[in-house]
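Labels A, B, C and D are assigned to the chains in the order they are written; within every chain, residues are numbered from 1.
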Amino acid sequence: MAQGFNSFTAPYTASGRAALVPAPPWHYAGWLMNVAVSLDTSRSAEVVPAALGRLTGQGCVHFADWQATTDGSELLDPVYSQYRETIVIAEIERPDGKRYNYCPFIWVDQDISLLRGLLQGWPKKLGTTWMTRSLPIEHAAAAPLRAGSRLGATLTVKERRLVEARLTLTGQPGQPLGFLTNAVVGSVGLPDLTRPDQPPKVDWVLPAIQGKVASDWHAAEAELSVLPHPVEELSLLGELKVTGASVGWLGMTVVGASPLAK
Amino acid sequence: MAQGFNSFTAPYTASGRAALVPAPPWHYAGWLMNVAVSLDTSRSAEVVPAALGRLTGQGCVHFADWQATTDGSELLDPVYSQYRETIVIAEIERPDGKRYNYCPFIWVDQDISLLRGLLQGWPKKLGTTWMTRSLPIEHAAAAPLRAGSRLGATLTVKERRLVEARLTLTGQPGQPLGFLTNAVVGSVGLPDLTRPDQPPKVDWVLPAIQGKVASDWHAAEAELSVLPHPVEELSLLGELKVTGASVGWLGMTVVGASPLAK
Amino acid sequence: MAQGFNSFTAPYTASGRAALVPAPPWHYAGWLMNVAVSLDTSRSAEVVPAALGRLTGQGCVHFADWQATTDGSELLDPVYSQYRETIVIAEIERPDGKRYNYCPFIWVDQDISLLRGLLQGWPKKLGTTWMTRSLPIEHAAAAPLRAGSRLGATLTVKERRLVEARLTLTGQPGQPLGFLTNAVVGSVGLPDLTRPDQPPKVDWVLPAIQGKVASDWHAAEAELSVLPHPVEELSLLGELKVTGASVGWLGMTVVGASPLAK
Amino acid sequence: MAQGFNSFTAPYTASGRAALVPAPPWHYAGWLMNVAVSLDTSRSAEVVPAALGRLTGQGCVHFADWQATTDGSELLDPVYSQYRETIVIAEIERPDGKRYNYCPFIWVDQDISLLRGLLQGWPKKLGTTWMTRSLPIEHAAAAPLRAGSRLGATLTVKERRLVEARLTLTGQPGQPLGFLTNAVVGSVGLPDLTRPDQPPKVDWVLPAIQGKVASDWHAAEAELSVLPHPVEELSLLGELKVTGASVGWLGMTVVGASPLAK
């Protein structure tokens, strides 16, 4: 970028005020519904590059209702801070045997988060996530945090419902799942239009996260359905069989990323 | 409606399944930001029909993030249960001296709520409300319920920002305000297209509410701005001067309405 | 409404400026894709009240990309004038043998049109319609009005794709179809919340239309699919078998309505 | 990207089917409203990197209602092909005296176009554009292509109206303007999160365009307003004074890009 220009991302201006994404730290806090799944590994090589690793068969679908801020100002104009997303996590085993999480698919409903995701190597596209909220009152519409409360979460991408989840709280303590348990390898890179016939060069990175904080996690029984879609490829993971579920609130701060060790 | 048809509202079918609005009871639970205001009464006769009463000068702007359900099923597919709205409440004094609340303006982001509102005499139009949420964790993006947390709420109608509010929690207990304190008179009626030159006949009604439940209310200091708009007429209430503010969660059930006593 | 108040619909104010719907005349002009269908009449009594008539087995699905205005001002701020909708038309035969069109289902993407529809007895709910446009240039992305151009139209309601149509222009002249050929009976009425256990009283009306003007109609071959939906009831019409299709532009003005003769 | 993976952009899979953006060629056709402006050059160094050049004082605001396709399939499912955008063009003079166009700001309403824009060096963010359409019929709502027809175009970014234009067709032939007259230099680059304190490296490129085709251009008189915005920086261009306007349809195909000669 030009000397004296302060935008972290486009558009590029001297002040950087209009940049879609400001520089980190990025503070996030959100309401999460986590559905752990076992998945089919037979098409691993179509989802995870062999040089990166292979699917272990464990994964998680997260539905998240986030607030994000840099310096607090976005919380005063929440169209700049709030977004919802559905995150698909698949555990991988690297050639050296180390295990990480990998995000083959993710959909979000705000541009700021979409680009922030691409910078971190999360393959974000736009999609619409709806999630029942658990409110701290006893009422038929409040889905309070107690045994028997039922909650739904759904994802729609380009006009087709793609994922549906239904959770029933058990009243028991729950576990952190999916990306809450191990770092997620990101795939950073864009193709170069001056060589449009060449594949993009992709770098694998790990996020630099600080200040993670969570509420208690609350266990749930869950059903999860993946529906057919003419473009999306979630079906590469086969049938997603629920192995556990939890809900709760998470906060964390992303300050950058580091290259994945080779 | 035809004999044997069960739709409460259009479209009309035998099963009634596709009806936009099912019959009550309607259970609501939501996160509320309430900003009590004093307002200008000099244009009362342009906002409140003289036969109904006159503005007292007190009012409230509510921002609400609702979940609503009839039989619980909507909570499992939350695009059918969730919506956000901005509610303007102006207190009125009837000719007999009794005081009620009146809703001159309200904007919501879902069709189900829009029509349910018209049936209750709330003059709903589509508009987009954003509200910071208070999450039960200590984090820079969580706006937890303690002194110093800052939250924003905004309303946009047909592409123009119309209302902006900024709240700072004081850490003190708060009060129920606005429609939480007194019933709201609704104006029910639609014009008749077979006589398009005649004004609509409007009936005044009071809601029948059951099972009201609330969390604690949390006091806030607030700033509120109303911006110019080429169509909306919120400016008929003059400058809205903040007299108090609170946040919290409310649940209630609407089972019908009754005519306002003359 | 109160004396001196000029709103045609809520909200009610002296000026009437903020009313969601201004009084007619309502001028409409739009791009239309019309797919004539034959449909199953075996469930007629679940879709059309017997006192109104019965399905004849002919119908049409229209996809429309409208501009509407009262005095021209909405064309200068097109968020107030433009909307898209999907209109299902089923021909009915009245007990006296006269034939009309009836609209059992319709979905639109703007509140102004939704309420204007309810006033006319069209059972509008929100839904999202996408339609390929035919542009007057020869280009791979322009779908120009000539043999072989392919166009799509789709409807999504509450996050599920409900209708998909694919048209191929034949290069031949086409026909006006569906609501372009015969008046549509509307069902006007809302339930009364003071008696929520009683069905709404519905009046049948015919629209008063003036100044109808159309471009040439262009014939097309078409495929039409209706997808499953947990709430919508389009399946009451059975399989929709395409019997013809056309595209073109229509203008017309609605000035009111008249009661359907008994 | 991994050997055997065919995604042009994320998400990365073997088939590449789910990639947000497929590889070029990208065919575009659209309805354009072009408002040529003179602008203030005094803050040139805050908008255009000095090494790239300086503002000449000429520019254009384009409102565009596009259809885009790769192999024609997107035209059958138009949520994948259609989008609207507002494009701000400022002419620049390079240090060597050559003149180009530059796009300091642009807002679009679909993710596919957003990312395709970033690959081309257009600084796209999400924003909502509305444009009156000119329909080929004589009707009060059709804005036909003849003297006296009035059309509006507007841009809203994160809930605030940012640009408003009103055009009146003169009935005279018009001119291609803005990006229709000279190539636009793009700024390609993203920051590297592994070095978040370093500015992004940006490459300047020119688009490779083929098969440009246009309808006649129709002249218009125009008014253009830029409204205040807390984040956007369009005001860096000072007052935008209209110097000409036209409307019409354009088709073109982008096949790649080439580096800007130094």
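Some observations on this one:
The definition used in the following text is that a residue touches a chain if its C-beta (ideal position, glycine included) is under 8 Å from a C-beta of that chain, and two chains touch if they have at least 3 such contacts.
This is a predicted model, so every value here is computed, not measured.
Of all residue numbers used where chain A meets chain B, over half belong to both copies. The two sides are thus made of the same residues. Set against one another, A-C and B-C show the most C-beta pairs in contact at B-C. Mean C-alpha positions place chain A and chain C at a centre distance of 40 Å. Centroids of chain B and chain C (each the mean of its C-alpha atoms) stand 30 Å apart. In chain D, 77, 79, 130, 154, 159 are the positions where the chain touches two or more neighbouring chains simultaneously.
Residue ranges on chain A touching chain D, taken from their complex, read 1-15, 17-18, 20, 23-24, 45-47, 49-52, 77, 79-80, 104-106, 110-111, 114-115, 118-120, 123-126, 158-159, 187-197, 199-202, 205, 230-233, 236, 255-259.
The touching residues of chain B, counted against chain A in their complex, run 27-31, 65-69, 72, 75-79, 81-82, 130-133, 135-143, 150-154, 164, 166, 211, 213-215, 249-253.
Every residue of chain C that touches chain A in the complex is listed here, in rising order: 128, 130, 154, 156, 159-161.
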